Amino acid sequence: MPRDITTAVLANTDLGAGNWLLEFGAPEMAAGMRPAQFFMIGIPGSATILRRPYSVCGLPGTFDDRPHGTVQVLYKVVGQGTRLLASLAPGARITVLGPLGNGFNEPDDAETTPVLVAGGIGSAPFPAWISKLKDRFPPPLMFYGAAGADDLVLADWFAERTELQTATDDGSAGTHGLVTEPLSRALDRERDRKLKLYACGPEPMLQAVGKIAGERGLTCELSLEAHMACGFGVCLGCVVPVRRDGDEVGYDRVCLEGPVMDARCLAW
Amino acid sequence: MSGVVEPDLSVTVGPLALENPVLTASGTFGYGLEFEPFLKLDELAGFVTKGLSPRPREGNPPPRIVETPAGMLNTIGLQNIGVDAFIRDKLPRLREYDTAVIANVFGETEAEYVEVCSKLDQAEGVAAIELNVSCPNTEQGGMIFGNDAAALHAVTAACRKASRLPLIVKLSPNVTDIRVTARAAVEGGAEVLSLVNTFVGMQVDVERRRPVLKKVCGGLSGPAIRPLAVWMTWQVHEAVDVPLIGMGGISTAADALEFILAGASAVQVGTANFVHPDGSIRVLRELREWLKEHDVATLRELIGAGHSKAPA
Amino acid sequence: MSGVVEPDLSVTVGPLALENPVLTASGTFGYGLEFEPFLKLDELAGFVTKGLSPRPREGNPPPRIVETPAGMLNTIGLQNIGVDAFIRDKLPRLREYDTAVIANVFGETEAEYVEVCSKLDQAEGVAAIELNVSCPNTEQGGMIFGNDAAALHAVTAACRKASRLPLIVKLSPNVTDIRVTARAAVEGGAEVLSLVNTFVGMQVDVERRRPVLKKVCGGLSGPAIRPLAVWMTWQVHEAVDVPLIGMGGISTAADALEFILAGASAVQVGTANFVHPDGSIRVLRELREWLKEHDVATLRELIGAGHSKAPA
Amino acid sequence: MPRDITTAVLANTDLGAGNWLLEFGAPEMAAGMRPAQFFMIGIPGSATILRRPYSVCGLPGTFDDRPHGTVQVLYKVVGQGTRLLASLAPGARITVLGPLGNGFNEPDDAETTPVLVAGGIGSAPFPAWISKLKDRFPPPLMFYGAAGADDLVLADWFAERTELQTATDDGSAGTHGLVTEPLSRALDRERDRKLKLYACGPEPMLQAVGKIAGERGLTCELSLEAHMACGFGVCLGCVVPVRRDGDEVGYDRVCLEGPVMDARCLAW
């Protein structure tokens, strides 16, 4: 059951290259929140009236140095709303609605290795997800692509907890090129293992990852983005075309039926 | 030192007796049930459903919405479950609540409007019909029903005959003189007018050099349009004798009171429901507080009171 | 890795050749000279004067303005020094600047429009005339010139005859279909259309239970109206063949580019001049930067480019 | 010559009862700024787009405990703009345009006693004015009215520097009633002194003060308020009706011909 709270920013940390980590206290909201679920965050009195959707990045326990009951949001400045968010100092009031959406689903059995694919700020939901999977599934393989080395935020954190491979558009870190290249190679190499894919990032990347998974018969959960007004299913603004039973194409709401969708269902 | 213990918020909107003047606007409140986690539906005077058509509609391809300064554009394309599914799946659950269910209706032809109204007439638990006339009339080459006085008169009269339910006509603001269409709707049989629907607008994605919305243009709602909507309410109040329901950018009691003082007997909260799921209830509670603080015993005495020439 | 050293910002707007597409809007830039402390008038492509009438006008009683969400309402009432004083006291000083002086003109009758245009025709240093047709026509019972295609055609044709100066007609947005009035103005002889003027709106002072503005309603400007103004520009671009000057809520380069991509050859900055006195120059400088960053050699290639069906 | 700067809030202090003191650094703007001149202050990224006018309350030297080169603005929360201003923490960015308007004019000769009349937050321009007049004219008489004792902000500061009389609507401090009552009595008592009046406060108070001064043939400068969009003379939004030569009524701009106007010129 989502709650709508007004709370104070506890920390808002510049991670460089326009990436920020926001922290606020929301113990009740955090209890039972699933990785890849999201919040709608608003800034009262600001030039934006609609809230913006942000995945939960850290739940209590994800980042062990953070105060108890706090949650973290990892975000990138791309427009007015994120710019205003980045301008907030500790103590500033924000409105938070959550938890929203469905969240990632665990692999069906304990032998399945989770394969995580992140593009840029699409890495946001993975810290909470990695913490949740920890010790119950084989250590994840992670493929993390970004524009340049600066954009590989939290790469050290991921490297400690996953088998991480990075890729950058400019070659400043990891493979030079798209993250889907090391991903395809690895999937071909790991044919004997049971794998399940989880991806979050820009739409073209998600389409490519879905295709790669489909070609190999692998289950693949994509965490989608969409313009949202409400975040809780009533404005019908955030839809994506999906294939219903019988291949008819309809629209599902990213905020309610998603943001996590099975790649096979999308009619992109 | 207020003498008012509990102000009387009840209003009479033509054939509708409402406990308070706060309704929610079509397309911003789903079929009501979606809001069960966030508020008590009984607390609201009523709500207006998403627009209902004869058959289900999938709506427009995305992107469908974008924020604009103090507003948002939408081109949902009237996605809805259709009137039959509404009557079958939603109404039974809604009847459990003590709240006025107002069915918003639209069609692409006059016959479609009539079809939906007739079906609602037979259903139990519908308090009133609100005609959404901001739809392109496919028989008339896409002309908007609500932007043409003659077409509006005709579709209103046809719907008037098709059901005994109280009939609200929701005016389009995209006209040169809203008093003309207001009069046409009243002459066609509207017992109440609601206003306004969204203003047509667009945003260009400068990086991609094309419209943000897939369908190019959409409807502007939110605080940005409030001054325009209040003015239209003010004008229509002077032009016709039926009660009005005002809307456009209401998110506080003061916003609601602007419409009421301009002549609205009730208001609808729209886009503000997206900002806070209980946005409508916030307006209602603030309104009650405001009346107490200002020692106003009945809200009804404020309806149209802004027009009085007496200096305040 | 931009190949563009200095992008070419020059545009041709019908008979007007401008160094860049940034003008300022009538009523927001006085007679230009007021801005001497804040910016170099030469840097602007040009500016539009406060609306000029045959004789000086004192304008409306206060309160005349109020802020609204992302906008403002004004009912200045066309206070101005009159065309004679403009020609006598302002033009000589303005001739010292290398900037296009566009005279905004209005009247209460067709004859008044003609009178002002004829006088400007004789004056030295006027680059063009812009007709403000959002004024009530006192001969026709207060009907707004610009909201009626026939009256608009007539006043345009009369002014066309009264002067040899390039003629811009500034469209009112308070109409059902702006393409109709756009065509009427072009047929009447407009060489350029500018759009839009303000939207009519009002605000109620809830505490005092009366309109905030003394004259009840006023014109809405600012970012709030931008989506509506861009859509009108987009539509008119598809409806007529004359060049357009777009405006409504422009305060950044991105805002200006929305209008340009929608089909405007130049833009006017209005309310943003009140927020920063050099608001227009900020738009211009940002625009130059944007073109450099995006490797666009000439701004002209962006005019109307949002309409292209090719996927970006 | 007004300047348009973006600067950081240095301090924003709650003085109680909705009254606040804002401080920012503006040494160049402050140099040559006259008391009762004003700033247009904006909050970028906020829900308000137009700036709001505020008188200069403290110039360098006015409040001797304040850092060099800083100026102070005394304001009361009455609506959205002032509410947003009160929410700003030190470090927040504001835009400041100033100095604007004309300012108070000194008495014609050194024997004239300045008589200051403040209503509520209309006390704002007087600290700077008192400091400027200090030692060059007889100590001012000051009449300060407000809703209640809490609203008599800076009363101690004024009491040390003027012959202060207060009045409150609720009788919680000073005379019970309007400030114009002790004012009229004092003016009648002081008939032998040369006096010049300076008033700032709500319109009904200014009208009353203007009338009181007029009846006694005293010069009276009123610092007016008006809704403003630009603050520098171009929007024509802020006009007040004035009597021109020949008693014709026209409109003057509060922001340019004012905010200080001779009471006799106003055609209220």
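Each chain gets a letter, A, B, C and D, in the order it is written, and its residues are counted from 1.
Basically, contacts are C-beta pairs under 8 Å (C-beta built on N, C-alpha and C of every residue); 3 or more make two chains touch, one makes a residue touch a chain.
What you see is a predicted model; the values in this text were computed from it and never measured.
*Asks:* Just how many steps, at minimum, does a route from chain A to chain C need if it may pass only between touching chains?
*Replies:* The distance in steps between these two chains is 2.
*Asks:* Quick check: which two chains are joined by the most contacting C-beta pairs?
*Replies:* Per-pair contact counts point to B-C as the maximum.
*Asks:* Taking each chain's centre as the mean of its CA atoms, how far is chain A from chain B in angstrom?
*Replies:* So the centroids are 37 Å from each other.
*Asks:* Report the inter-centroid distance (CA atoms only) between chain B and chain D in whole Å.
*Replies:* The answer is 46 Å.
*Asks:* List the centre-to-centre spacing of chain A and chain D in whole Å, with centres computed as mean CA coordinates.
*Replies:* 54
*Asks:* Where does chain C touch two or more other chains at once, residue-wise?
*Replies:* If we look for residues of chain C contacting two or more partner chains, we find 69-71, 222-223.
*Asks:* Show the residues in chain A shared as contacts by 2 or more other chains, in ascending order.
*Replies:* 47
*Asks:* Which category does the touching pattern between chains fall into here: line, ring, star, complete, or other?
*Replies:* ring
*Asks:* Using the touch rule from the top of the page, what pairs of chains touch, sorted by label?
*Replies:* Touching chain pairs, listed by label, come out as A-B, A-D, B-C, C-D.
*Asks:* Give every residue of chain C touching chain B within the complex, in rising order.
*Replies:* 68-71, 73, 147, 174-177, 199-204, 206, 208-211, 216-217, 220, 222-228, 230-231, 234, 249, 254, 257-258, 261-262, 302, 305-306, 308, 312
*Asks:* How about chain A: which of its residues touch chain D in the complex?
*Replies:* Residues 45-47, 80, 83-84, 87, 89, 91-92 of chain A touch chain D in their complex.
*Asks:* Contact residues on chain D for chain C in the complex?
*Replies:* 1-2, 4, 42, 47-51, 81, 95, 97, 226-241, 250-251
*Asks:* For the complex, which residues does chain C have touching chain D?
*Replies:* For chain C paired with chain D, touching residues are 27-30, 34-35, 37-38, 50, 58-59, 61-67, 69-72, 74, 76, 79, 222-223, 271, 273-278.
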